[in-house]
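This structure is in structure tokens; I'll ask about it shortly.
Note that the chains take the letters A, B, C, D, E and F in the order they are written out, and that residue 1 is the start of every chain.
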Amino acid sequence: LPEARQRTSVPGVATGLAVTGAGGDVLYVEASLADPETGATGVTLTGQLGDVMKESAQIALSYLRSRGAELELPVGSLKDRSVHVHVPAGAIPKDGPSAGVTMTTALASLLSGRPVRGDVAMTGEVSLTGRVLPIGGVKQKLLAAHRAGITTVLIPARNEPDLDDVPEEVRAELTVHAVSDVREVLDIALSPAHVAEAAAA
Amino acid sequence: LPEARQRTSVPGVATGLAVTGAGGDVLYVEASLADPETGATGVTLTGQLGDVMKESAQIALSYLRSRGAELELPVGSLKDRSVHVHVPAGAIPKDGPSAGVTMTTALASLLSGRPVRGDVAMTGEVSLTGRVLPIGGVKQKLLAAHRAGITTVLIPARNEPDLDDVPEEVRAELTVHAVSDVREVLDIALSPAHVAEAAAA
Amino acid sequence: LPEARQRTSVPGVATGLAVTGAGGDVLYVEASLADPETGATGVTLTGQLGDVMKESAQIALSYLRSRGAELELPVGSLKDRSVHVHVPAGAIPKDGPSAGVTMTTALASLLSGRPVRGDVAMTGEVSLTGRVLPIGGVKQKLLAAHRAGITTVLIPARNEPDLDDVPEEVRAELTVHAVSDVREVLDIALSPAHVAEAAAA
Amino acid sequence: LPEARQRTSVPGVATGLAVTGAGGDVLYVEASLADPETGATGVTLTGQLGDVMKESAQIALSYLRSRGAELELPVGSLKDRSVHVHVPAGAIPKDGPSAGVTMTTALASLLSGRPVRGDVAMTGEVSLTGRVLPIGGVKQKLLAAHRAGITTVLIPARNEPDLDDVPEEVRAELTVHAVSDVREVLDIALSPAHVAEAAAA
Amino acid sequence: LPEARQRTSVPGVATGLAVTGAGGDVLYVEASLADPETGATGVTLTGQLGDVMKESAQIALSYLRSRGAELELPVGSLKDRSVHVHVPAGAIPKDGPSAGVTMTTALASLLSGRPVRGDVAMTGEVSLTGRVLPIGGVKQKLLAAHRAGITTVLIPARNEPDLDDVPEEVRAELTVHAVSDVREVLDIALSPAHVAEAAAA
Amino acid sequence: LPEARQRTSVPGVATGLAVTGAGGDVLYVEASLADPETGATGVTLTGQLGDVMKESAQIALSYLRSRGAELELPVGSLKDRSVHVHVPAGAIPKDGPSAGVTMTTALASLLSGRPVRGDVAMTGEVSLTGRVLPIGGVKQKLLAAHRAGITTVLIPARNEPDLDDVPEEVRAELTVHAVSDVREVLDIALSPAHVAEAAAA
């Protein structure tokens, strides 16, 4: 599992799943906050994101700005600091709402300092209240996760019926969580706080 | 009535009615305010909203900014805090003025802390002075509300004649309020303040 | 005269006249100012306004910003408060310069707290110095005013010759003022200050 | 000479000359400054101006911002006050650089409080250093000025040869000044300061 | 040499050379800084400049903002003052990177108060570090300079071989400097400081 | 090696490698910071950069803003100072993510005051966490580097297999570093600090 583990070894990166022309693929959502010393403000979204995906990033950010304190996230860290959300590879256009959970998780990881678990990938639209809404391509996405060595996958509860389409042998090697609120995603996907603290020590 | 009740269980979400290619449908308008600690300002509108629907959100917001205090809403809460209005699903384009009452109600619910009643859905354009102006698709919208288990529907007074087109058996199971001012909408749709307080306790 | 009277019963709404595909029609220009507590600033123009009509709103606003004090309007009320001008219906595209006097009157009504008279409708381009410039469609506009129960109409002085085209029986039931300066419009169209005060008491 | 005299009776309005589809025409450039009490800032350009004509307005403004003090204009009046330049009629598209002198004159009139002489019309591009550059359509413009009852016309020095094309009888009734610096324009076109003072008294 | 001398008689104007449809031509880059009393800020670029030429102006400005102090230019003068760069004639579209040296020189002249020599014209792209990069049309540009009575021309060092294409009799009447750093341009093209002081006295 | 050495002789310039219509080519990324005295702020990107390449510059900047302090770069220097990234030649359109490492290196050189080594060129996409991602055109880029007299080339680790395509005689004269984190790039490409200090003395 080298790639996803490496990519998510620092806080602020979460592993998502996308449908591409050639089946499914793993993608990484990266988030950063400018050092307050730099005086940089505003929101930057890169990775050739389409309109719907840019809106997903805005929803993820507003969700955390409005409800982050309830989740015990230090939302004051967002104040007067530029936020950047990037989805490599830089030249490949991407769109759709299904990276909503991944974007929310990357940002929550960044704020909490808790890295995302390297064995977890996820897909799902997020609403402004944190509901996880259904997406397409569950089969291709789980196949891609499996190929990439991922062992735990989070999908929207309303997509549970789509698991029937996933080949038995792949399904058997994946732990799938069907979730309806993004808080469940964060509970499962973020490394425990003590891991983050150990890493920081 | 699980879906609408769940979606509107928190302040800031109202149930609307839309005409789609395949008849009518229920939609949810979600509103959020950034935590003042985050320092975020401005207005964000998402959900692939067309020009007319974006203007509806601006009208809803200006209505509350100019007349909210008369409605005993704490409009000072809007100061220096980013407002976000989102209409899932994220990838489906939406347009038209008929979500005006729903947007105003979602925002008033958010400001007041009073959740919107889960058995209520609504449709209607709102003017800047709070008048409820007529819309199209009353029949399809009431059928959609009925299918979704909604029992109370608010429509513009000037659309009352359109009720004749609604099948008798559907009409019999819906309480319909024909309203001409958005204050009537708020009076009917927002849960009583003591419910909100009980929920907060 | 129910519609125009109702619409103009609060300060900030003026009745205009437009040429549409189907003859003439009455339209309402609504203006609002954000409560200073909300901290909202800027100018918002809605109602699917075309470029020329948006410029008319900017001219109306600049006229009042530069000359409002001479008219004894409390222009300081414009400071640090968001102004919104809306022309329902929200989904109908509108354009042209002839709503200039109506926009200026709606804004002056809002600033002064004096409602616009419910029996008055108006049409005319306004220049930045307050001159009322000629417009088209006088005949259709007066017919529309008459149909809507309006009894007093303001038109540009340079459009006086067009009154010959208005059927005698309509012309007889309308008081028409041909004006050359927007101050004349305000003098005629705004309810006397004591009416506003009585209403506020 | 009623029209031009009336239009230029207040400071901030200058009479220009344009080439139109139907020969030449007189146009009026109007300028206003927001009352400082309104808190309005920024620059607004209206009248369906094309790109080149918008640039002319920016050049006129920058010329006065950088060199106005040398001309004994109170340029501090521009600080923290919205400037609006409008060219009626509102629905007619206009373009080209030849209103540069007219725009500069309207703004200088506004700043100085000295109305522009009602018998004067002008045409000419202005550079950022105040040079008056040549324009087209001298013949049509002088004919239009003459028709409008104008008796003094300012043209660029480099357009002097074009006067040969103007019919003798028109030429005889016009005083033409061929100028090379916009200061000459202001010297000729602005009413003497004592006139402005008398008017203000 | 009347034209170029007149145009460059004030600080802030530099003579450039362009290739046009009809051979080469002389152009003037004009720069101005708003009087601090006007409170105007920002950068304005006019003259129907294409994307590449607008970028040249930004590069010229950034070069001076970052390295101007090394050149003993009073860069603090740029603070809180609007900068305007204009290239007449206002209606003629212009593009390309070869006015970079001319823009840098016009701005340096403005900051230093040293007028540009009236007998000098120049062409060359400038990089952000002040390197002078090669351009096209050397032959046409030198012919145009010669026709305009210019006696000294600055070209990029890497364009020196192009001088072979210039007719002998023209070449003989021009002093050509092949430069590789924009500091050389400023050393040659700006009038000595004592000239500026004499002019100001 | 005159060209690359000259171009990179000052801090803020790094040598990159691009694929062009005619094979590969060397390009220079230049970065500048406005003198704090000028009061200039914001980010400017020039050189006819396409969308993907502009995003690369934003990623490079965000990387340094968020992680620069860990790299012992004085990121506070970015505060309240305009940043400009330019890629000559000004008229040639450029795009693609592969200048990411070059942009990051130019900016890090600028911040640190350490010039980039004149014998080093580089290519590679950079992610927001500083990972070096694979790019295309390794063969053409190395041939171009070799032609330009470069002796050390940095490529992404995941492009190491592409070295097989490079002719043996070229490969033999180049030191190639295959890197996976942009910190490795900075370690290799920036001149030692004492060189910078010596240069400054």
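Miscellaneous remarks
In this section, contacts are C-beta pairs under 8 Å (C-beta built on N, C-alpha and C of every residue); 3 or more make two chains touch, one makes a residue touch a chain.
Here the structure is a predicted model, which means the values were calculated and not measured.
When the partners of chain B are compared with those of chain F, the chains appearing in both lists are A.
Shared contact partners of chain A and chain E, listed by label: F.
It takes 60 degrees of rotation, in steps of 5, to superpose the Cα atoms of chain A onto those of chain B. With each centre defined as the average position of its C-alpha atoms, the distance from chain C to chain D rounds to 30 Å. Here the CA centre of chain D is 52 Å from the CA centre of chain F.
Arrangement of the chains shown, judged by which pairs touch: one closed cycle in which each chain has exactly two touching partners. Across the complex, chain B meets chain C through its residues 51-52, 55-56, 58-59, 62-63, 65-69, 75-76, 78-80, 96-97, 100, 125, 127-129, 131, 133. For chain A in complex with chain F, the touching residues are 6-7, 10, 12-13, 28, 30-35, 37-40, 44, 46-48, 82, 84, 86, 88-91.
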